[in-house]
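Each of the next two complexes has subunit A plus one more chain, namely subunit B in the first and subunit C in the second.
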Partner chain A sequence: MSTTDYRCDVLVIGSGAGGAPTAALLAEAGLDVIVAEEGPWVDQGSVVPFSLEQMDRQYRSGGVTVALGLPSVAYTEGRCAGGGTEVNSGLYRRPPQEVVERWRTNWRIDDLDPDAIDVLAREVESALSVQPLPGPAPAPSERLRLGAERLGWTHDESPRWMTYPTGDSRQGQRQSMTRTYLPRAMSAGARLMTDCRVDKLRLGADRVEGADVEFTNGRRATISCRAVIVCAGAIQTPALLQRSGIRRNIGRTLAVHPTVKLAARFTDELNVPDDVPVHQVKEFAPDLSFGGSASHPGLVALALLDQWEDFRDAVVAWREIAVYYAAITSQGRGRVMAVPGLRDPIVTYHLTRRDRALLCSGLTRLALLMLEAGATDVFPSYRGAPRVKSRRDLATIEDTFSATRASVMTVHLCSTVPMGEDSDRCGADSHGRVHGFANLYVNDASLLPDAPGVNPQGSVMAVALRNARHFLAEGWSRV
Partner chain B sequence: MRAPSSAVVAPTCEAVLGHDLPGLDEYRRCEVVDFVCRRLSTLPVHMRWGVAVIAFVVDGWRRTTGTNRLIALSNRPLPLLGEYFRLLRSLSIAYVWETWPDTRPDGRAA
Partner chain C sequence: MPAISWPKGGVVSEQGHVVVTGANGWLGRALVARLAAPTDGRSDVRVVAVARDHLEGRALTEFASTFPSANIDIRFADFGQPGEFDQLFSGLVGPIEVVHTAGVIHPRHFSEFERVNADGTRKLAAAARRTGVVRFVHVSSNSPFGVNAITTDRFRQIEPYHPYLEYGRTKMLGELAILDEVERGLYALIVRPPWFYGPFQPARQTTFFSMVKSGRFPVFGAGDQHRSMVFVENLVDGILATRNWTGPAGHGWWVADREPYTVAEIVHTVGRALADEGHDVQPPRLNLPDFVGNVAEKADRFLQKSRRYVQQVHVLGEMNKTIACDISATTRDLGYEPRVDLYEGMRRSIRWCAANGIEL
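Up next is the complex of A and B:
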């Protein structure tokens, strides 16, 4: 197969919440930028959101990826131009100030000022048109709000990166990376190479010289550059660094928000297959929060699967069913390990005893909330689960739930190359430069020292802007 | 086109589908099994290998002991083996109701 050579000032690997803002800022500052994206460009509107087709086209391994453990934790990664911002619910949360402060002090991160991050978050919100719905929320969202209200639990609506040209909440246009930062980057001259997987970085003594890449059609190429910024997400970033021989404090501290789910049946047809609820219940935050999931008929069936013999009769009523989740801030950690000869990394995750207990109490409380919201039947997703029809049944969840019987999953992954000046624990410095390398940076969810307890992509983008500006101000002149 | 491992996965998948969704007609069942095999072929490579090994063992069990014992095995909460059956069931069930949303609980077309 033929080999082609490319040259640029900066190679940005990945085009999601970390890579796209980074590429935009660098290109707008006049640098010659190549963005290498492993997945394809998929036009918005060309696939149905949350469908199997979308899983096929825009997710890694068709959305079937798992962190091994007891229990294993299923996770998903976007694999397309724009990364996870194209396929997730688009719910936005500003990085909590107390979390930023905790990161700064616990991980010795220089210049991480909560107020400055707040300013950057506002910049992100403006760029992505983050806003609440212009009208009523989808019915499943309203049920969540109603249940919380009746229980007196704190709740709010999460804004989204959406615009609503017609003023209709049901016709939002996602302002993800392919609509915002990537066009900005390309307008400023950045070259986006899709279907382009970076196999390995080319390393010198304390420098990276470029990268070896392979396109989907089998063509191979080398990209030479003065600096590399890896933004491939919390799984692929450490895997690439490890494949390239960089292992110190890389991939050892994966943090996630594990979730368990249930299906709730109501008396009316409330299911909205191609959208998700926007309300979230924060009464027990940051340890525990509740929200709504996508509820395609296939996903409703999946939510009933763990107790199929007892629950399957409900599947015909999927229009009356919506799926909800309880997410926890886990104290467990996982690992990402690139193994020589294997194309994909092995991922593990360990839930602590406290995590397991919290998942149980989360699912019980969520079931209670659903009853208050008017659900006639609640179907928790674990083997041996009872069909919950009244408060009396809730005790059965506490008696029978075990995390190893549940379908635990996550869509929030971070912390595999934590930033900070503590070189015993951190894989990168306070601004994402990989320890021991002059011109190799990370700028994505991997840098967040732990899971923020809220939807993390707002934090990822704000930190990415911070680090990209620092690179332009100080890093670029040194590479 | 089925994935390379379909020779050992497909019979087990068909047996599990036959038990879980006895009303699913043959045409749909073939389509579901094809989908499952296709999806398994896109798993991360270490998972694919793990699935291949387990599928081989399970298929051997099915050939030796028959479908009834296979179904009994599939309903036991065994580590790894249980995960394999859960994977087959997840992909199958999701595909059925995603593709034919009004399918009856036993798999019959509405």
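Up next is the complex of A and C:
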């Protein structure tokens, strides 16, 4: 084991939706930036999107991570250069103005102007080429749209951070961080260290001095710097802070969008294994939203697994099946707890009674939508679920559903270091500086005070740009 | 009883009949009264008012006598009894419409739920199809759809069935029976009223007023649960407005006041209406924690599993729930516009009680 020291102005930990734009802006302003990324660099296109291989290479723990509770909530984290932006659906939503206003007032966040966030969101949209599909949506997406239309439910197409060089909707190129902000950061001089896990921050009384890191090959090193900006995502950011001894209002308020899912079988071969639907149903938003999930054959089998004895005959017809989800805004909260001796933190999540009722309502309404869209069989994902073939069968969902029997999962994790001036509740100030430290910042999804009710990457990036510029204008001169 | 104008399109052929089941009930009487007293002074509608038994028949005869110029024929059918109901339509000449308001919400015997709401509806709809009824309007309920998951949720026009206890289950079966008959060729539509109020109210509604008056109407938590309600005359408007629909059969619509009210707002408004009608009203003082409502619901579920029904337990168990619907599709499709709001409707109810010698 050898030790190598690195020095820089600013160490950015994590290279996803928070870290990459932060690194780009700081490097372009002339700062010497190191970006430490735990995962590898994986070229876009070198693995099939939404495949098991991708889960293995680009997700933490192969995509098998879980927040404990009744029920447990499975979640996924990207673990690669670019983080979650490399592996998610690419669906973009501008931060809703009313959500930004809610954050500003409820959490006493200074200078959080909804109009200014809107301007930043447009900057993100431009940088990531956010746009609608140039042609028809994948068939599972069209079915969702059709069902919503027949029910008179509001729906729309979510734009994506994709370009379509050939004009073919099926040949989009994801404009993730490895294609956008990370190249920008590196061409401005930032150094990206992949396969480099930060074990611990080196802390002084009220300052951070640097970090101890370990590379995948076992080599350890120390990075010294004048400021650290932690952008490791809503699970790893609080875990790192806690491992380093910072615990006040850190990791206590995890917020997610819990989802339940179902598989719907149609009469034609509509499955698109390597893409996801772009339509979302917003009739009941923000409390309840419906959309389409990845429907790789393995994931179709997973959706049928809860009631395998009754549903397994359908798996051979996976080409006729697509998987959909109902997501809720949850009043529950979770915790992230770093435990000495364990590499990964323990994560818990508690669904409230209201959350459970909403999940049931969401799943039932989604099943209705699928019938309207022409599904011949609907397979809700919970133990004891009925096979739904008609509206009459929907009534049996209420009798048999309970959240504890369901496969509840989420991909939107946030709020573990909420920003704001309410020091009783917030882990960081209005611009992400960790309370009690002069030069330690957080700048990722952890800062969003609660779940925004829409795909959060746009919100994460807009807030990251805001805070990075504030750091350059005011923070850097003080560190 | 003030005459109320017909809604747009509400014209019935002179040669036709409107068969009103449950005619002696709260809604049934309001509907018969409207059909019997059109604003233009003519009584060109032949109403067939269906009574369950001779006791009801006598009451209906007396009621019908208050509309001397109306053409009201009283017939009998007990939807809780075995047998078919084809004879209900025998001898009727011209096009026949049916408005099926008969139903059991607070049964004397538990089995009445299924016998009346499910079996009775199924057999009546089948008889209507065999007879060639031109339009069948089935009065359903919110109960087949249960309760809203959260206070801000609103039932949309089309919702999954999610029945609330036995009443909800049997009203759902009633709807499904109607839809089965639609498949066989019956032109049937469904209206779904939530909790209604207004003239011709039964005795239990008097209890509602007296509880509010004494400040003892139970309010759970902050009283922020939302409830859709419908003034009975608005409901009659909605039923008649189904005549504006020329689309396919099998559709259903919510008929309610414009917006749901919070329970706190309901109690406050009813108190204000009572005070403005000269009653002495005590401020609300029966504030219960939410769990009491949940306990009552559990007790109700337990009782109903053993096929028993206790009205007070059932009503209490429902009081901490949000049951709220969105009427925008009803306005869009039928031109339905609720004309009376809660305050005005409650004042009219209170005046009706006074005019009918009912002490509150």
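In the analysis below, the second predicted complex is superposed on the first by the 479 of 479 C-alpha atoms of A that agree within 3 Å, B and C clash if a C-alpha of one lies under 4 Å from a C-alpha of the other, contacts with A are read in each partner's own complex, and residues count from 1 in each chain.
To be clear about the criterion, a residue touches a chain if its C-beta (ideal position, glycine included) is under 8 Å from a C-beta of that chain, and two chains touch if they have at least 3 such contacts.
The structure displayed is predicted, hence computed values, not measured ones.
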{"item": "Room on subunit A for both subunit B and subunit C (clash or fit)", "value": "fit"}
{"item": "Subunit B versus subunit C as contact partner of A:Arg391, first or second or both or neither", "value": "second"}
{"item": "Which of subunit B and subunit C A:Ala317 touches, first, second, both or neither", "value": "neither"}
{"item": "Which of subunit B and subunit C A:Arg343 touches, first, second, both or neither", "value": "first"}
{"item": "Which of subunit B and subunit C A:Ser72 touches, first, second, both or neither", "value": "first"}
{"item": "Partner chain in contact with A:Arg365 - subunit B first, subunit C second, else both or neither", "value": "second"}
{"item": "In the superposition, subunit B vs subunit C on subunit A residues touched", "value": "B"}
{"item": "Superposition-derived angle with apex at the Cα centre of subunit A and sides reaching subunit B and subunit C, degrees in steps of 10", "value": "90"}
{"item": "Minimum distance between Cα atoms of subunit B and subunit C in the superposition (Å)", "value": "24"}
{"item": "On subunit A, the residue positions that both subunit B and subunit C contact, one per complex", "value": "none"}
{"item": "For the subunit B and subunit A complex, residues of the former touching the latter", "value": "20, 39, 42-47, 77, 79, 83, 86-87, 89-91, 93-99, 101-105, 110"}
{"item": "Residue numbers on subunit A that touch subunit C, as the complex places them", "value": "151-153, 283-284, 287, 354, 357-358, 360-361, 364-365, 367-368, 372, 391-392, 394-395, 397-398"}
{"item": "Residues of subunit C that touch subunit A when the two form their complex", "value": "146, 148-150, 152-153, 156-163, 169, 172, 176, 329"}
{"item": "Complex contact set, residues of subunit A against subunit B", "value": "51-52, 61-62, 64-66, 70, 72, 296-302, 305, 308, 312-313, 315-316, 318, 339, 342-346, 383, 405"}
